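Every chain is named by a letter (A, B, C, D, E and F) in the order it is written, and numbering of its residues begins at 1.
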């Protein structure tokens, strides 16, 4: 159960309402996800968070699907239930089928393990990363 | 400093040597990365780990670059220095430039933060993930 | 569902009962939180844990609210549901309103992200921390 | 060693230079921390990150020292070396002495442990968080 | 709620069915745990994961109980609910009583805390690990 | 580099000196590990931490080696360099050879991966943990 009262679309007004509308339009969904309704208790923080997310998730050198795949890999690694559900829905909407999702999970599985092997043996870098 | 003596290519023999050769050929590199030299202290574990990695990282529905991007996102989230250096080198070799790397890092930054917002407010899923 | 049977206040006796009473008195609450009822299955461990917590959470150079804020920031970062609920209740009882809670969460969000930026770019310290 | 070439103050121009100046002025320091020099490889991401940090770290209902304490608690929990050094320097500059720092660390120690006790016993929340 | 449709024992055929039978036989249980029913959506990944687990969890220099204790300590540290339930059941089946479980949890509690003390003070290793 | 000046054995006096002596005697080593020299900046916190560690690490239903194995598994999972070095030295001193260490690491690798598989698929517990 959320630790603050969520601001519903009906209660929203002014800046909060504008951002709620922009969220639905940008994400092409017909509801405001709960995390934004919670952030709306601090309108300035809602605004700066939404602006940052909108800028970062816009297609650039990486396309939207790749960005959502990264978001899902991070959320699985951190074990955030809300986020896993949300980004799993997003990658499926963008065309990833269950088999491809299984490949994504296999890579996340593998390197969460390998990260610990490198920790355990206190492995030193093979080569210095090349600066450009 | 590593917590076990690494097995060098010169010392390797039998199954270990075969796997070392396969690692260099598969990854198209001219040295055996340190993590595999450490794993070589337990040849059976080396074998099963390499086989799993080789199978999972082969191109499938997701291509190799996407898989390396996931590996890097996981390693950054876990803060594994060896792994970050190794997968940064890999994504650059596969064509990601510094600007695209910056986009990858921006998404990792964003969702490591958002994961905690969802935790903090104990947000409940918006919609049930659709099974197929 | 808990993995051990919790020891209720009715079942408690001896050292466990004394500690249960001390917990309620020290925290000024009228129930024993579930985590202590679980620890009561190992009375010595219950005792040493409660003594450590009581000593550390007593006001010192940092006041109780600051200490509870730290506890909440840690619990959010680790994604511990029980702990987030418990420490959110504690900071509210000590006077933090929803707006201040939003500021706390914003800082936790920000630096869980920035921690990964520093990881990703393998940033070296700017200055050596000054010893005193 | 950083995985990208840091942008020095001498190399900075345009938007990047403006932000570098604002960072030094806002933080009242005479150098640009390395993390910002790395972010400068993606000027738009530098800008949005700095704007978010500046807005969130400004004194509000929580003062600056409390916000830096939260930042340090998060960084210790995540084990980010660069961030621990940076925020330890910041809390000392804002007046926290070594004894108070020891108290902060004690609370971080305690609840990283208690978070796992709650996980281990699968403890359920005591009371529903009160919405307001 | 799972994000993919689990493959039931009734639906399983071919390689998946063989592995399901082997899982039940090897673990001496009369049902297939849900995690394997999810992995069955990618049969090759199911196979390689099961083979790796079977090889690693077989008694070697460390016995099965010690291996399950490690698995539980890792799962508690990561806060994985499914895994904590599963490995708690396993260690109990192998003979660990609630008092011993309490000792295990106490050690996990202690060092999740001590790990952060070492992080916080940026402690350097006392001695170089001895290579052999 | 440590963020506080470590208290050397020569500088220690009173309670701190007594605890330093007890640490060396209990752990059967001829030096005081750096983490305790850092904790000595807050003598009360040093005392309560040492007492808790001494009580928890004493042989009980689990022997000392099993407890050190758990400590190492936790430290690898969290990626704490100081702690990995320290607990690797401890398990080797208690008789674990490099092959057995490799088995320990294999289990830690495996379940850090499997924890994420369970997260990713949002797997629900198979059976309710049996209370006793």
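Everything that follows uses one rule, which is that a residue touches a chain if its C-beta (ideal position, glycine included) is under 8 Å from a C-beta of that chain, and two chains touch if they have at least 3 such contacts.
Since we're looking at a predicted model, the values are computed, not measured.
Among all the other chains, which ones are in touch with both subunit C and subunit D?
A, B, E, F
Among all chains, whose Cα centre is located farthest from the one for subunit D?
Farthest from subunit D by mean C-alpha position: E.
Quick check on the interfaces: B-D is repeated by which of A-F, A-E or C-D, going by over half of contact pairs matching?
Matching more than half of the contact pairs of B-D: A-E.
Can you grab the rotation angle between subunit B and subunit F? Superpose on CA, round to the nearest 5°.
The C-alpha superposition of subunit B onto subunit F needs 120 degrees.
Hey, how far is the Cα centre of subunit B from the one of subunit E, in Å?
Once rounded, the distance between the two centres reads 21 Å.
Determine the centre-to-centre distance between subunit B and subunit C, using the mean Cα coordinates as centres, and give it in whole Å.
Comparing mean C-alpha positions, subunit C is 34 Å from subunit B.
Mind pulling the residue numbers of subunit F that touch at least two other chains?
Those would be 1-4, 39, 45, 49, 52, 56, 77-81, 84-85, 88, 98-99, 103, 106, 108-110, 112, 114-115, 117, 119-122, 128-129, 132.
Can you check the complex and tell me which residues of subunit D touch subunit F?
Spelled out, the residues of subunit D in touch with subunit F are 79, 84-85, 88, 98-99, 101-103, 106, 109, 122.
Quick check: in the complex, which residue numbers of subunit E touch subunit B?
Its residues touching subunit B are 1-5, 44-45, 48-49, 51-52, 55-56, 128-129, 131-132.
Over in the complex, which subunit F residues touch subunit D? Could you list them?
Residues of subunit F touching subunit D: 3-4, 39, 41-42, 45, 49, 78-80, 129.
Over in the complex, which subunit A residues touch subunit B? Could you list them?
Within the complex, subunit A touches subunit B at residues 1-4, 31, 33-35, 38-39, 49, 52-53, 56-57, 60-62, 66-67, 69-71, 73-75, 77-78, 80-83, 85-89, 92, 96-100, 103-104, 106-112, 114-115, 117-130, 132.
Under the touch definition given earlier, write down the residues of subunit F that touch subunit A in their complex.
For this pair, the touching residues of subunit F are 76-77, 79, 81, 84-85, 105, 108-110, 112-117, 119-122.
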